[in-house]
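Before we start, here is the structure in question, set down as structure tokens.
Note that the chains take the letters A, B and C in the order they are written out, and that residue 1 is the start of every chain.
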Amino acid sequence: MNHDPFEWGRPSDAAYGKYNSKIAEASPYPSMHTQQPIVTGTSVISMKYNGGVIIAADNLGSYGSLLRFNDVERLFPVGRNTVVGISGDISDMQHLEYLLEEMQTENNYDNQYADEEEALRPSYVFEYLANVMYSRRSKMNPLWNALIVAGLEDDKPFLKYVNLLGVTYSAPSLATGFGAHLALPLLRKVVDADKDVENTSFETAKKSITDAMKVLFYRDARSSRNYSLAIIDKEKGLVVDKKARVDDMVWGFAKDIRGYGTQKV
Amino acid sequence: MFRNNYDGDSVTFSPTGRLFQVEYALEAIKQGSVTVGVRSKKHAVLVALKRNADELSSYQKKIIKCDEHLGLSLAGLAPDGRVLSNFLRQQCNYSSLVYNRKLSLDKAGYLLSDKAQKNTQSYGGRPYGVGLLLAGYDNSGPHLLEFQPSGSTLELYGSAIGARSQGAKTYLERTLNEYLEIEAADDLIAVAVDALRQCLKDESLTTKNLSIAVVGEDKPFTVLDDEAVAPYL
Amino acid sequence: MSTTIASEYSNEVQNVPIEHQFNPYSDNGGTILGIAGEDFAVLAGDTRHTTDYSINSRYEPKVFDCGDSILFSANGFAADGTALVKRFQNSLKWYHFDHNDKKLSLKSAARNIQHLLYGKRFFPYYVHTIIAGLDEEGKGAVYSFDPVGSYEREQCRAGGAAAALIMPFLDNQVNFKNQYEPESNGTKRRPLKYLSVEEVVQLVKDAFSSATERHIHVGDGVEILIVTKEGVRTEYFELKRD
């Protein structure tokens, strides 16, 4: 017996000659699916407050290190009390956008209570997306994204995360990608545990998110100044600001940095 | 001897626009033992009269739970009812696994309708020979639906199907305004049992032949049989 | 780009292109612990959820009461853990439908879980599974599984990130390993005895706070589910959040 595991289960070359992979148009490589993201969106950040949730994502689509598209919308309202924020591969994001569109159409069909009692809820949207993500990873053909589903359910804030592996979790503040390292510590200063949500006003939450977006624009090379910010509030309902912009930046220190600027010496 | 030329299959209309196979299926329901459903603004209740083939045999199951919030009772061919209740169980299961969502009664009704209607328009099959009463509690409250083999599903405040069900229907029509406002589940069950009594001929209700189910807010679909129905007799 | 590979048995090395492959697994940290008593059992798990050095959530429960007094936890790759719990809960639901609401014994639950796990033998659920409950005689029972379904009934078992830290402690404190009668000069083993619920809960707290000190993927809080003939109850204790 040939003890080489590489040879197991194959017709022996000695008897049949080297296997010609062109037969049956077989590829010499295993079949491959998505192995890497192409055009990408960076972090999504979000947090709960005592009357709802805030979620934000910038409008940049990067092609590697090239700032390729600068007007990409990555926050998707679903129904009247849910927003899905998507980071990662943009084409996969657009596929998810299609699935969400389909989900809404489906819910409006033959449903006399579609606007009220049987409207889509954030937990429905999340469960569906989590199943899509996990089943795609199980087919070894993942959608290369990390998503945050934010919304209001029974007048309580809802916030949950799922990524390309189908890993899910929930916390009072969530962020994807770089945001998990740069923004989340700032957001956790405000809402770390569930009980902190009660003591956090809309104003505090809004300031935390805008400050975090500023930090991300400062420090994340693949981020943009323009971003979108959505609020799902008990009183105000769903409000999306698509024209948010990082303001009040301090660049004064830049002129003193030697070696990178335009200084003569 | 007279022979009807238009009842050999379920896809051919008679010249008067009738589908005899479907109408015969409705007859099968009338042969089945009676079941009654009522709903108030708080609960939905099903009651049914169980039959046994003879003294040595057990009683035919009449009420089937499909999910924590939804169940049905049947009149007609029990095997067909089993197929449909299995189908509903799967649909409820799919909804809760994929969407974390209770299947709404509306949706359940349409799913059943679509499935039954296919049989009336494809050759080689036959319509389901069973009528169903669906009771459930979803996001929009309690509901009672009546399903027929033709593929029609209607929402009702009270309904009865099966042998001599007209008695119960008349009773429910007369008392609609009273039971609609009933708060307590037990009181609504009492109404349903009273309605069921209107359908009895020479038999009487016992712990052996009465089956009850109730569902409402914070009250999962519960089936009561045997000794558990004694308080309602 | 290419690299050379060789198996233990090859005569020649092979030159193959480097393949970058999507890795369908990740490690989400956390640790779980099940202990059986005389007429009770506990299953505890910390509530921290991590990937690499990031804390994703400080409260993401992973021990579940599945009904029929069966406690369930699958620790490791969280997505597989959640999927397995859901599959088991679903299996239980259909068992009730098909068997007229008969209670599923812990023994049968264990065998069923073996099939769920082995069914994915060639793309395994990357989890260490522990279930706890009462056996058919009312005695506390714990079953533990490897990722592909091999299982065993035990008195106690720790799983997950800090299993290696907690298990020896349990051997010593639950099964009295390496404990000897005083003055027997190490010749007479300390006889086994059942611990009370209070003792076990204290043991669980100690195990988790110690694991929190030494393991970065353990912390934030521990949720202890306790099953007795009266039913299931839950206790929660804070752990260090650093």
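Simple rule for what comes next: contacts are C-beta pairs under 8 Å (C-beta built on N, C-alpha and C of every residue); 3 or more make two chains touch, one makes a residue touch a chain.
What you are looking at is a predicted structure, and each value in this text was computed from that prediction instead of being measured.
Undergrad: Taking contacts as defined above, which has more of them, B-C or A-C?
TA: Taking the two pairs in turn, the one with more contacts turns out to be A-C.
Undergrad: Which chain lies the greatest distance away from chain C when centres are computed from Cα atoms alone?
TA: Farthest from chain C by mean C-alpha position: B.
Undergrad: Between chain A and chain B, tell me the centre distance in angstrom, where each centre is the average of that chain's C-alpha atoms.
TA: Taking the mean C-alpha position of each chain, the two centres sit 46 Å apart.
Undergrad: Would you kindly tell me how far, in whole Å, the mean C-alpha position of chain C lies from that of chain B?
TA: 45
Undergrad: So what's the Cα centroid distance for chain A and chain C, whole Å?
TA: About 31 Å separates the centre of chain A from that of chain C.
Undergrad: Could you check chain B for residues that touch two or more other chains and list them?
TA: Only 97 qualify.
Undergrad: Two or more other chains in contact with one residue: find those residues in chain C.
TA: Touching at least two other chains: none.
Undergrad: Touching chain B in the complex: which residues of chain C?
TA: 86, 90, 93, 97
Undergrad: Quick one: which bits of chain C touch chain A in the complex? Just the residue numbers, please.
TA: 7, 9-11, 14, 17, 19-22, 24-26, 28, 49, 51, 54, 56-60, 77-79, 82-83, 123, 241
Undergrad: Quick one: which bits of chain B touch chain A in the complex? Just the residue numbers, please.
TA: Touch residues, chain B against chain A: 97-101, 104, 106-107, 110, 138-141.
Undergrad: Show me the residue ranges of chain A that touch chain C in the complex, using the header's touch definition.
TA: Where chain A meets chain C, its residues are 3-6, 29-30, 33-36, 134, 137-138, 140, 142, 161, 165-171, 180-181, 192-194.
Undergrad: Going by the contact rule at the top, pick out the chain A residues touching chain B in the complex.
TA: 110-113, 116-118, 121, 123-124, 126-128, 131
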